[in-house]
Amino acid sequence: MKYITTIDNQEYTVEILDDGVVTVNGKTYQVNFESIDGQPLYSLLVNGASYESMVYATEEAWEVLLRGYLYKATVEDEREKRLRVAAGGSQAQNAHFHLKAPMPGLVVAVPVSEGQEVKSGDVLVILESMKMQNELKSPQDGIVKRVRVQAGQSVERNQVMLSVHAPEA
Amino acid sequence: MFTKVLIANRGEIAVRILRACRELGLQTVAVYSEPDRQALHVRYADQAYCIGPGASRDSYLRMDKILEVARKSGAQAIHPGYGFLAERADFAQACLDEGLAFIGPKPSAIAAMGDKIVARETVRKAGVPVVPGTEGEGGLNDDELLAIAPQIGFPLLVKATAGGGGKGMREVRSLEEMPALLRAARREAEAAFGDGNVYLEKLIEGARHIEIQVLADSFGNTIHLGERECSIQRRHQKLLEESPSPFVAGDDDLRRKMGQVAVRAAEAVGYVNAGTIEFLVDADKHFYFLEMNTRLQVEHPITELVTGVDIVHEQIRIARGRQLRWKQEDIQMRGWAIEARVNAEDPYNNFVPSTGKLNHILMPSGPGVRVDTGVFSGFEITPYYDSLIAKLIVWGETRAEAILRLRRALEEYRIMGVRTNIPFHQKLLDSHRFMAGQYDTRFVEERFSPQYSADRREEGEIAAILATLVAHSENLQASNIVRRGIRDTSNWKWLSRWERVHR
Amino acid sequence: MFTKVLIANRGEIAVRILRACRELGLQTVAVYSEPDRQALHVRYADQAYCIGPGASRDSYLRMDKILEVARKSGAQAIHPGYGFLAERADFAQACLDEGLAFIGPKPSAIAAMGDKIVARETVRKAGVPVVPGTEGEGGLNDDELLAIAPQIGFPLLVKATAGGGGKGMREVRSLEEMPALLRAARREAEAAFGDGNVYLEKLIEGARHIEIQVLADSFGNTIHLGERECSIQRRHQKLLEESPSPFVAGDDDLRRKMGQVAVRAAEAVGYVNAGTIEFLVDADKHFYFLEMNTRLQVEHPITELVTGVDIVHEQIRIARGRQLRWKQEDIQMRGWAIEARVNAEDPYNNFVPSTGKLNHILMPSGPGVRVDTGVFSGFEITPYYDSLIAKLIVWGETRAEAILRLRRALEEYRIMGVRTNIPFHQKLLDSHRFMAGQYDTRFVEERFSPQYSADRREEGEIAAILATLVAHSENLQASNIVRRGIRDTSNWKWLSRWERVHR
Amino acid sequence: MKYITTIDNQEYTVEILDDGVVTVNGKTYQVNFESIDGQPLYSLLVNGASYESMVYATEEAWEVLLRGYLYKATVEDEREKRLRVAAGGSQAQNAHFHLKAPMPGLVVAVPVSEGQEVKSGDVLVILESMKMQNELKSPQDGIVKRVRVQAGQSVERNQVMLSVHAPEA
């Protein structure tokens, strides 16, 4: 199976062969790869060199934490790559932004109200968690919609607190 | 003499104190909030009582409930740890009123050092240098402050009288920009503390934050245990401490002078038990009193490792009415100790706190390594408390050996289930300025930022193999690997700016 | 000077050595057997190579494969750890022949100390007292032995010339019973070692097993690091060690004499690197050379904690051609250290080894606690290797403090998935004779046996509540709780008698 | 729910009420009982006193390891107890003994053969594991049957190696 893996705009063509062998940009490596205790924690031996890494699946990328450094990698197979390139590689613009709580916490303030126009960077919600306060800002211009929280309210992780719709939407 | 101690705290420090009590043959009583039912301090104590729900104000800050547990359990002494009620003179007094030994200083000393103006005045009179400023003058108005500012000299700091942790603080470089910054600082202070009063303080540039540990018994003996270097901070939160300080090491004269001054400051308030005098030290080795922490510090273990004095054992002995077992001349600093605070926060994402269930922990161990922690595999990191989950402390014969040892211990440490700041520490230890000991309190924010992989191209190939093998083996390619556009749940990341709340 | 070290071992000692290499900035190469793929020594090393299946003879004992890995990986030195190839003169020689530094003594010293007769003769000539016996006389027949026995005096021991670990050993109390016991010992020795030769040795009653750590560089400097008390044994396996020895502490003269004799014994074979001289010490403080272990010992950490000397660092420095950094007068023993060996074996079931996957580990930590281990949550304990899974080592200012600290650390330690001997250690530390330091090598077997709950009636009620709540909550009552008759799988328990196999 | 729990011939009547309350021989206790990390590791608070214990289910009993001491407990509900008492509390004699491997290991020797008569205490199999040799003996007199292993063979935990049938069987 052949993949195109991209880290910091650097492309690696990684081919996984059957018998503990991979090639990277044509070079051949003996690999031995195991997950530890069912965790996203991996021991990798590459031509005898021993590495250990946590690999997190996030929505944008695979985050590879290796010896204190974080590498954000995207992995595509050849077909996906072709399709994306054929489509011009463009990234869709989100018309709606749904502000989710990054962690459980307490809503300290909601300085906007429904229907209000906001600019990118305006504060939408102030959330407190773990003795820290966080100003959550809008990533885009738009109109505030569906404010579902108020000051004093506890929220769960990933709970949608409000939305910002693109002006034209 | 008491034989049963209630620990009015949670987390690693409660565990630390419980261990000390066990090692001294004392009975222990834990208090806990509902989400802390399985916490180590509950499991390691002889007795444990629930004192309310998760929010600190409903549990760990509830003096009445804690005193009720003391009565119910038969505890004869209370150790407050740090944070929560540790620097509340009224709590210390309430313990005494109940006939309980308070393992800490007298209420009057807590009160004197808790009021910044009183503290400054008290130590100044005892001959302790303080940072030039207006703090002793009470609440001045803007016109008065603007008139005094040129006498102090620029740059200076506007600071909130009630404040702490950087809230209501502004740096002023000239008289012209001062009025606007004064207004901003007052507004922020008012919002944060309900008190808009501010004062001016000379800004010590290139300052180091160096503190002196003191121990005092109730017979009038006060000694110091040398210094701790605490300049590695981010937003006024210490992240890594070492003892000795690379800035003081080799200058026995400076250490002796700072130590004598620290002892004098403690004596000025009739201090008993363990305490810490914080100093700012400028590039010319002038040092200025900042404040006194009238309690056990988070970073006390590094002093323990270089002096051989178990500070918590000693706190308990002092509270039991014993004399100090050391004279000043008995205290020798031997080797080098470094502490890395391991926080549940993501260094690649603005240090945003991370919560969740810990699924797997592999703790570093072996020679010269100590871990003080309150967490374990299966424990849930909740949003109720601060993000400190472990202190990784190492000792080495030399600073170089300590750094190499801390590196290997950080690389060994595995905590699955939350993100931690371990990578921050790993990069810090790789930085040349840190290795050379050349840093001040602004080093982390101004000169050091965790980067992505750009500086480690050589391992990019390994990372690519890892990502590909994981993607391949999880068969999630179809749904997950295509690079997509902006995601809702991650949008907040680049916009977040977490500020620590000080209560 | 070498910069890359191959560690020819596994388990906690491989991890210990890897850590030392990292702390000295050296590259590391691990070798591993198939079931050890996920072991910590593989994960912590810079390079790792599989050398065969689980059985030691097919992997960790395969010199040829290990040397092949050294060539392939570019390692320039080999650390053998303990066990496996550590005391094989031919392996040490093979390393030297390959141009590899062997982190240990010269092959000639290993060979001289490996042959008991040669060792005894060599040290006797150097003025080191040895236990009276016939070992130096070669293989005598039964008639000869029976003739000599009365000269040595009863009680005496019949021991296998090739032996170790109690195989082929018999205690003889009178001449009458001697012929039968000789036959039994020879038969057992023949079966175990392929060599039925035996010798006689005076039985030292009430003996303590006390050993002296020595360090020697290649410039002719040899020092000792004081003694370790190793009398807590079961079937010749050490279970717990302390330094200093309660028997030697306070008698500086005895320590100095034993130390001098140990240094002399090491010098007699031109010893270089770390080694240990084992002595038997009788109640009158006469001491007799037993044997020299020409390698790192399992229990080396307790000496590290009381002397401050990192023995593995020092081994590597010596092998790199450095001079010792200490003179004898620099070595001071400070405080007290105890090591408890945590084995995967069931103390309530004849110490039968326990295998399985470790599901959850909570490691003790905090002040004065060190854990040397090679296991982690998710690791599988296989039947291929010995049952030592961790060494829990504590330091205290005094022996009492060390005991209290070890108690709290043992109570904190949680290892789920196998049975461990932690309860054995807990009871040992509760025994009055241990607390008083009054024990000899037969203490554990003769005077101490892990009991069930009979002596702890007061907690029986708590145990009853626990059992009932677990039974209730698991809803297994119907099938499991009725007391039944003999069970097949448990029948073997009371009949088992595990004997350690020495290779 | 009421149970009779027996440890070392000492009987405890334990009644579990609904609301974190149990009675033991009539005395009432507030209890709070939690399993740690899904393990047979339990934190128990009894009237404020904190205990932690491993509780293993074995075929004969619940083994409670508490502060370094092992308690073997049987737990019966009232009906079971009545039935057992009514049946005279007798324990059935096993006619057949099946020798199972207590742990994975290597068979070193099988000093008996099929059809051979053995006495209680005779060695049936010598098994090696973790550098230890173990002589597994017969718990009863009988005839050796179904020898399924031979020297040099590896066995898994609980693998039946041979059986001893009671003479009359």
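In order of appearance the chains are A, B, C and D, and numbering begins at 1 in each one.
Definition applied: a contact is a pair of C-beta atoms (placed from the backbone, for glycine too) under 8 Å apart; a residue touches a chain by one contact, two chains touch by 3 or more.
Source: prediction; values computed, not measured.
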Path length in the contact graph (subunit A to subunit C, fewest steps): 1
Per Cα centroids, the chain farthest from subunit B: D
Inter-centroid spacing, subunit D versus subunit A (mean Cα positions, whole Å): 51
Inter-chain centre distance, subunit B versus subunit C - centres from mean C-alpha coordinates, in Å: 42
Centre distance in Å when subunit C and subunit D are each reduced to the mean of their C-alpha atoms: 32
Touching two or more other chains - residue numbers and ranges from subunit C: 44, 360, 376-378
Touching two or more other chains - residue numbers and ranges from subunit A: 36-37, 39
Contacting chain pairs - touch in the sense defined above: A-B, A-C, B-C, B-D, C-D
Complex contact set, residues of subunit D against subunit C: 1, 3, 5-8, 10, 12, 14, 16, 22, 24, 29, 31, 33, 36-37, 39-42, 44, 46, 51, 53-55, 57-77, 80, 84, 91-94, 97-100, 102-105, 121, 128-139, 157-158
Complex interface listing, subunit B residues touching subunit C: 15-16, 19-20, 22-25, 44, 301, 304, 310, 312, 360-363, 365-373, 376-378, 396-397, 401, 404-405, 407-408, 412
Residues of subunit C defined as touching subunit A within the complex: 30, 37-38, 42-49, 72-73, 376-378
Complex contact set, residues of subunit C against subunit D: 344, 348, 352-355, 359-360, 382-387, 410-411, 414, 416, 422-423, 426-427, 430, 452-457, 459-474, 476-477, 480-503
Complex contact set, residues of subunit D against subunit B: 32, 34, 36-39, 43, 45, 48-50, 52
